[in-house]
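Here the structure is laid out as structure tokens; the discussion comes afterwards.
Here the chain labels run A, B and C in written order, and each chain numbers its own residues starting at 1.
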Amino acid sequence: MSELGSQGGSASGKAIVAEHLCKVFEITRGMVRRRKSQVVALKDVSFEVDYGELFGLVGPNGAGKTTTIKILTTMLIPTSGRATVLGYDSQKEVTKIREKIGIVLGGERGLYTRVSAVDNLRYFADLYGVPRNVQDKRIKELLEFMGLSDKAHSRVETYSKGMKQRLHLARGLINDPEIIFLDEPTVGLDPEIAIETRSMIKGLVEKGKTILLTTHYMFEADVLCKRVAIIRNGDVVALDTPSGLKKYVMETSVVEVEGFGISEKEVTKFREMKDIISISADLSENKQVLKIQTPKGSEIISEVQEVLKNSHIYDIKIKEPTLEDAYLKLVAT
Amino acid sequence: MNNLRVFVSSALFSFRAQFNWLNPPMWVTMKFVLSFSQMAFFVFVGIFSGGGGGGISYVVSYIAIGNALQSLSWNTVFSVIQITTQDKWDGTLPLVLATPANRLPLFVGRAMVHVLDGLVSVAISFIFAAFVFGVDFVHADPLALAVTVLLTSFTMAGFGLLIGGFSFHFRNPMVFANIFTFILLIFCGVNFSVAALPTLAQPISYAFPLTYGVNAARQAINGTSLLNISPILAQELIVGLVSIALGYFLFESFERSARKTGKMEAQ
Amino acid sequence: MPNTLRVIYSAFRLAMLHWMADPQWVIPNVIAPFVFTTVALTLFKGSGGPFGLYAVLGGGMMGMWGNTIYSSGFAIEFEKWQGTLEEVIAAPSKLIHVITGRSISNALFGLTNMVAVLIVGTFVFNISLGISEPILFTISLLLTLLSVSALGLIFASAFVLSRSAQTLTNGLETPLYIISGSMFPIALLPFWSHPIAYILGPTWGIDAIRLTTSQEYASQTFWVGMGTNSALILDLTVMMLITAAYVAIANVLFKMVETRARTKGTLVEA
């Protein structure tokens, strides 16, 4: 682990510390008569991220995810509250933070389209103070890692959306950052490219990077993140591991059984079992369908098979609670 | 009746577009500064050059009047090109051309506001010419001068339509707008007579309506009557009308080819 | 902490690459100086005296002005249009160093007008231009270029801090050509305008450049009676002092730009 900045006082050894962040924007509207109004982007956001963690920030559009990332990456000054990154204060030790973090704001922007990938990377390498002797090697490696070596010298405007996204990611890694901030990295991408991007992100964590990711795709947070904070209207409404969040929200799974030769006798047996909350049965001539609600999840299957051992089972489906369900519940209330 | 309505509404649209980026006090200030500084620049160059054959006061007068007339090219040529090609740049062109409104009143309506704006520019420039640079307006024939200025505003707007129609086919119409507004300073007898140009270049001057307008304006200020300058004005009118016709044709041809190729947005 | 000179050079290099990709964009910015110079050449024809000098050097000067006002003025906006502004601000390098590189490149592109005028002047107007002190000429030219670039920094930050600044600069071009004594001596201008001329760094620069070009000019320099070398040193010294002041002002303005960006989350003056 890299030496923690002893200035900044991060005795807790956390990569990122957000303490009661609040951000209020003042908007002036109108060209002739100017009207001032306030927009509260963040009310009270607090969380911590460990070194080497892949941390997710999820929420609907306008919830405050991008604002939070901008504060953590020194691009925005909070109205109140404090952010500490790598042990440095985000308002007082700006340059130290900027040197060591990578920021990928997503979309196809962030690149100079009239010049080549190599020129883009070289330029940002210079802005980040990457030594010359390191630049060549790193640029080559990054382009290889992103699969862009063939078109390294072509103008970025000739790139496909996926290629631009990968170059954007490469740019975010040009200074070999300790922490990488990804703002909605897969939005607008084709599914195959999105999957590729996610595996790349996983690969980065395996290399020891710390990653903070924002997204409004729940399945993405579920699949990638160790812990997830759910943001709504500028507040953190929940913070836990994905499975923790799911448990919190939906205690039941639904097991759907399709079979033949199932009668009321079996249904009654299910009703008597203590792990079954409810059961609905559709018993017609040719096919019977049972919907069993249970807090047990897939553990119930062996019991189901035991009860139905004298019938034919065509299909068993289990609908586990998803992070999406958790999110919808938390965000809707 | 529909044509008139289209004319008026596009005129208002043009006017508002102009004010969108400037508030009225700013607009007035800019008018004064722009009119004055260009005239001043060339007057000083003229003084520095020693005045050539005619002496300094002749050169100053020549240059001042020339630039006064040229000042309307910002409002006519430049603005007309901007307004008519703006739609392409903004991506609203398909919407505009899709309306059943007849094209000509639409674009001409927009141009007319700029014509009026140009008249204000010339008036302000004349004031500078008279009070700062000592141009003698005492003998001027007011009717002749007024008609000349009005006509030149109109013909130069037409010229703007021509250049607009031509540049419409290209990626960057505003580059042409820039080039043509400034090139007038060389070819139209604004700062020196057409005769000072290389012989091969001189015919180009007569394709610009401004050349006739500047010539007529100088004579009107000298006291020549409207009747006596009418031959020049007639020539100018013809050139202006040809410009409008050609311009209209070029816009239409673009529209026709755009319908075929589907290329309406800025490439 | 990235090396300042390297950041400036890198931004300069990027601007060069952009210019090579779209060289035609320099045209609108130098068309006015080019046309103005051509008119001047025509008016100067047959008048005798070092007019060719005024035209070519003045043309180059005006080209630098024109491109600086517009291109450098929009330097920060350019990043916004490219979608790269946030990434550039997020980098540890200082924004002012990045824009310095761009501003220098813009002033350099503006000098292309000088080349264009030289070509037109030589072949159409038969002027002949000799440089009596090539090394001093180059030094003076480069220092003047730096002075113009420093002004470009002020434009760049002012444009972003105030929408009115943008509109005002539309009218700034020609008055600058007049007041800087590019195409004719300041002596021709009314006396009350002279102070304005003297606070412009490039005014001294153009005087220095002319001194290194032609012996004839020595009688028209600001420092009449001082001898060419002393006049040259004085010109350059005054210009560099003024340039240092520009840089100081620009530093303040850029701090305001960054503070506004980090407080309001936007750079557009709403």
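General observations
What we mean here is this: contacts are C-beta pairs under 8 Å (C-beta built on N, C-alpha and C of every residue); 3 or more make two chains touch, one makes a residue touch a chain.
Remember, it's a predicted structure, so these values are computed and weren't measured experimentally.
Chain centres here are means of the Cα atoms, and by that rule the chain farthest away from chain A is B.
Put simply, the chain closest to the centre of the protein, by Cα centroids, is C. In terms of their C-alpha centroids, the spacing between chain A and chain B amounts to 58 Å. If you average the Cα atoms of chain A and of chain C, the two centres end up 49 Å apart. Centroids of chain B and chain C (each the mean of its C-alpha atoms) stand 30 Å apart.
If you check the complex, the residues on chain B that touch chain C are 21-22, 26, 29-30, 33-34, 37-38, 40-42, 44-50, 52, 59, 172, 174-175, 178-179, 182-183, 185-186, 191-192, 196-198. The touching residues of chain C, when paired with chain B in their complex, are 24, 27-28, 31-32, 35-36, 38-40, 42-47, 51, 54, 124, 164, 167, 170-171, 174-175, 177-178, 183-185, 188-189. Listing the residues of chain A that touch chain C in their complex gives 25-29, 67, 70, 73-77, 95, 98-99, 103, 105, 107-115, 119, 122-124, 126-129, 155, 171. Against chain A, in their complex, chain C makes its touches with residues 1-3, 6-7, 9-11, 13-14, 17-18, 21-22, 82-84, 86-93, 98, 261-265, 270.
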